[in-house]
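Chain nomenclature is as follows: A, B, C and D, assigned in order of appearance, with residue numbering initiated at 1 for each chain independently.
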Amino acid sequence: MSWTRKLVPSYFSGAVLAAIGFIVGSQYVWRVIGGVNWDLNDPGASGNFLEQGFLAGFVLMTLGWLIGIGAFKYPFTWMLGLKDPDHNEELRLAGKDAGIIRYFRFTTDHKVVGIQYLVVTMIMLAFGGLGAMLIRTELMFPGAWAFPKETYNTIVTMHGMLMILTIISFFVGPFGNFVIPIMIGARDMAFPRLNALSIAFLIIAMAVYAFIPFMGIGDPLTTGAGVQTGWTVYGTLADQTGIGVDALALAVILAGVSSQMGAVNLITTVIAMRAPGMSYTRMPMTVWGSIGASILSALGTASLTVDLVMIVMDRVFRTSFFFAATAGDFANNGYIGGGSAWLTQNLFWFFGHPEVYLLVLPAFGFVMDVTSVFARKPLFGYKTAILGLMGVVVLSFLVWMHHEFVSGFLPELRGFYMASTELISVPTGLIFLVLLGTMWRGRIWMTVTMGFVFAFTWSFLIGGITGIYLSDVPADVQLHGGMFVTAHFHYTIVGGALMGFLGAVYYWFPKMTGRMMDEKIGWISFWGIQIGFNGTFLAMFYVGLQGMPRRVADYSPLFAGGNLVASISAFVLGASVILYFYNVIYSWKAGPIAEANPWGAKTLEWTTPTPVPLENFGEIPVVTSGPYNYAEPATPSGVPARGVEAGPAIG
Amino acid sequence: MNSRGNLRTPIILWVVISILLAALYYFLAPVLAQAGAIPPLASDVADNAYQIMAIFTYLSIPVFVGVVVFAAYSLFTFRSRGRPTDIGPQIYGNTRLLGWWLAASFVLITVLYVIGFNGLAQLEAAAPASALHVRVTAQQWIFNYTYTDYNISSSTLYLVENQPVEFTVTSLDVHHSFWIPEMGVKADAVPGELNTFVATPNKLGHYTVRCMELCGVLHSDMNTNVVVETSSQFGTWISQQMSVRPASLFAAVQLPEAALLDASGKRS
Amino acid sequence: MEISLGGQGHEASSHASHIDEEGKVRVGMLFYVIVDIMFALFLISAYVFLRGVNVNNLWFPDGTKNIDLTQTTIQTGLMVASGLCFVLAHWAVRQGIGGLVKLGITLAALLWIATLIYSIQYMGHLPFTQAGGGFASMYVLFTGYHIYHLLLGLMFVIGLTVRTLQGRYTRERHMGITTIGYYWYWVVIFGVIGYLLPIILPGPLH
Amino acid sequence: MRKYLGMVGFLVVVAAIVVGVAFALNAFAFIPAPYAPAASSGGVTVKEDVFPFAPCTDPDFTKTHPEYAQCRPNYNSQYVLYSEPEIVVPAHTKVTMVINNYDSTSALVNNYFLKPQGVDGGVINVDGQQMDTIDPTVVSHTFVIHGIVSQQQPWLYVGVPITGVPDSAKTDDAGMPDQPVVTTFTFTTGAPGTYAWQCFVPCGVGFNGFGGPMGTDGYMNGTFTVK
């Protein structure tokens, strides 16, 4: 029965148990107990039985998935005090000679987890991009001509939230897992099982997310299908919109837990598992950027989770966190009120603003690293760069209320938040200083990755400067909530995080697969992405200045020209991203074989053989110098670089 | 080549291009505004906002051009054909440059902040006694306007030229946002809360109110008309409204607002 | 769940010898507790926020004023007692007094489970429903979060007791007790906060 | 060379998938057909029926009203609805609207809508008697035309409260009253334009009654096109 030992436990058995769990949970509530009546004020209330069923189904689905992939095996052996797994069991769990199946399993090897993350996040990216294409289709011409309005709102919501989840995990996930342990000379992450568990949580979160558009179609007792709130799931609207919001909330909570696990794991790894000699000032910038992002997600994500839990309780258990008692509430039956609509704004944005920095910080680090590599110059001010990154981390917790300049909440604080928001451009400016200083008088090697670095500089510069406009209260009062804002944050997030990600895939592809990515297709897709991206969002700046609101399915003919340009450019952008995906798939299969250190970088991951063996290093290297000293002779493949002596590990 | 790494060329480029762009903006901005790049400005708040944006544009041109010019100059000058065989100069940083950079950015931010703060002070100025009081009631998916001075409600917003208006915005159900693009008036309509905004329309005409916060299926249709007219026209409209409305209705029109005040106490 | 999965991750594996295994577990647990503290911070700030913006009749609708203080006191007392027993055991294991360790841990675990059972029945017999206005909603959320803590900790508690009774924790090697102690103490502290908050900040601000 | 062929093929396939998804989304959605009554010398008469649920599910009702025997494709038969969501009328014409309401009364949030506005004479005809405002306790729905999307079209605002069927009324087995309350009013359209119309009585589900039929295209809201 070898095939059963191959398939159980694995993601397949997990999927089976997850399906069973969902059916059991939902059917139990719907058929057996017919719903729990949570509202003693209104004993006849039955409007949310359907949601209770879905909720129970989702919870059991998650449990079934975790049981099915065998995530609970270790906790129970630990709990019952059985024999601790020895090294061989650890290695078997890490996928030792398990073949391809280890990619479809609860595998603790950080490289396997990294690949899993890469695939999952790229699929998420594809679906988010699909949403973007549909949005631009609707906005191509005035009038809701492509989709009904509520369908459009649902698409907007799903695109926004899915993209946010993707970008939260698509740098710290794939590269933070695959590259960073090798970069700091560790054999694995600090908590390998936690690592495998975080990708498992992300997968099940996406499975729940996929339910959103299909929940409660045609049911008389529900508020309809889909979610019409936009990615800022403001409690007031979320309490009333389609019941897809339950799936959205649960999926985002699960993904948040996943990113928190990853954050704790990464921080611990960097603190406790650096190779001897790898002092904090010898870590590559990518590590520092990922650390910053991890700190933000460890401290910030809880806020959104609390917000979403309150929303679900408001909907399903009829609490009143967000119901201020207005005349509107009096129309319904059984809600007392006593909540506040400002609470949801504050809870959301306290997560929401650090979160946008969490998206771009790893890209900052990577871009600085790679600039130094391709300019063959050390970083222009290593400590300056760390100062910039950490300054962003600290300041980003003090700026969230610039999203509420017009909300009427504590208007006397607007001066302070204007100051803190403008102040955050100082550390960001330091990043630019480092980038320019590193390029200056270097030997710039224009690979596709370097192209993405220049694209990053250009787009993030525009995003930052428009951000200054929005940080200023009188200007923001006019621009707030318009297409100008949409264009601004797309320039920072797409131009910052996504460009970094695409460059990073190109850069580490040889290390992950042993093959180079095709350069011609790379350049074609690169230029397509740049043209499409700038065309789309410069046009969006224009219609924003003209006064077009965000998230409208229908708009005045006044804005038709700009929107047509934006839509056509968006299709160019989409096509180019598809080409990039094709490049990844094609090169994975048939790309040219890569040499050991194709970019001539000095960081540790290029000193390991490809494919990286199970525990990365034969002997843990002893690091004797920083990551950027190109003065040392270039290294033939395999031989440790950057003054690394293969010495006995220091206990 | 010997031009490698000399700072003169990029700095000259920087200055020249910045001046050119500033001049371009100076001459082009009014034309574009005429062509409809920005809505026609019709209040003191809007004038204030767009003035500040113009100043910001002038200040940000050198920053933008600086980064772009230096990056592009490095790209074209220091580019190596294919994989570099030698290495660049091993410079590990420059403290003096860092100091200048920090000082420059702090100065810039201080300037921006002072400008913004003046604008904020104008924004937060209290309404004069002569102000017209309009209670904006947002609900899915329309705005109602109650003239608390006259006890009249309307679905079209009538304003008086050069008379300050104090909008008190609230919502009956979910978050909305009350925006008049031409007047730069924007205030979120938050259920259970009262949110005030003072502006003075200074140009006659017909404008639009747009909802700026996604509020459900008809969000994109949640627009109403604004009419800015002379005080005499406004007076006739008021008296006419008074005449057509049966007195019994006034109390009814106030109902949602009364409930709101019960709920949120003194805060208004 | 985080720490119990990863916490002892490569405990038995010798291949990562240059790494301070115990330090790793300690750091990880600390960060996990920090994440948990952030949740509590946002809950508490939400409580204060709602209390600040509410007026009387909506913060305390009729009949939701009277939390049964004796019940909450018993609940918190059990929690604190469990924490104290744990402190005792922690001290004993550092002194190497094996018997006292076993006694303390077992007592602490029993008190923990007692707290869990008591909290659940208390949740069932609240004088108001979660649909009873701002205060009621916040109070139910706090109690629910506390129960979630206790349930999640149940795994730690059982495991720790079993392994203690197996005599795995020695004077030199007792990282399990130390790290799980972090979580234990934090849960006790949160229980006390949830007990005091409605007493210190009962009514709405005016 | 094969890689470029594959490139183009991949592009085409994915684009096809995107288009397919777009069409699938519309296939699931309920998109009502436009309703353009013919104009006569006396203007155009628009006839609307308000039902507490889909009439096609009520055999007793469809016996007397065969035009409702056919259910519309994929729509929620339990939602309260107006029979004609997408109304198209000619410009510069006198529009007579006849609204037969089969639904019972419910509470109104904003009594502003109790007053008929934008209609000729400011009065409506409810079951034969002229009214210039109706009692908050008998209102069932409202029919309000509003919502301009651009300045280029004239402003049209028509707001009419609709009286509900009293609970004492006789109903058939499915709960549909035998006799509707008929509300009649007239107004005159201006230059062409596209407007939204909706009901302002929270007759849907959700915490403030604006979910479900209120929050979905084609049940308690729609477009009013003047061309």
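Here, a contact is a pair of C-beta atoms (placed from the backbone, for glycine too) under 8 Å apart; a residue touches a chain by one contact, two chains touch by 3 or more.
No experiment lies behind these values; they were computed from the predicted model shown.
Farthest from chain A in terms of Cα centroid separation is D. Ranked by C-beta contact pairs, the top pair of chains is A-B. Centre-to-centre spacing of chain A and chain B amounts to 31 Å, using the average Cα coordinate of each chain. Centre-to-centre separation of chain A and chain D, using mean CA positions: 42 Å. Chain centres here are Cα means. That of chain B falls 36 Å from that of chain D. If you average the CA atoms of chain B and of chain C, the two centres end up 47 Å from each other. Of all residues in chain D, those that touch two or more other chains are 109-110, 149, 151, 208, 210, 215-217. Of all residues in chain B, those that touch two or more other chains are 139, 172-174, 216-218, 220-221, 255-256, 263-264.
Counting partner chains per residue, chain A shows two or more touched chains at residues 149-150, 228, 240-241, 325, 327-330, 335, 337, 340, 342, 554-555, 558. Contact residues on chain D toward chain A in their complex (touch as defined above): 3, 6-7, 10-11, 14-15, 18, 21-22, 25-26, 28-31, 74, 76-79, 107, 109-110, 149-152, 194, 202, 204-212, 215-218. Against chain C, in their complex, chain A makes its touches with residues 38-41, 71, 74-75, 78-81, 84-87, 90, 186-188, 190-195, 197, 260-261, 263-265, 267-268, 271-273, 275-276, 298-300, 302-303, 305-306, 309-310, 313, 317-321, 325, 334-340, 342-343, 346-347, 350, 615, 620, 649-651.
Contact residues of chain B toward chain D in the complex are 137, 139-142, 144, 153, 155-156, 172-174, 206-208, 216-218, 220-225, 244-246, 248-249, 252-253, 255-256.
Interface residues of chain D, counted against chain B in their complex, comprise 109-112, 114-115, 117, 122, 132-133, 136, 144, 146-149, 151, 155, 157, 159, 195-196, 198, 200, 208, 210, 214-217, 221.
Interface residues of chain C, counted against chain A in their complex, comprise 1-20, 23-24, 27-28, 31-32, 34-35, 38-39, 41-43, 46, 49-50, 53-54, 58-59, 61, 129-138, 140-141, 155, 158-159, 162-163, 165-166, 168.
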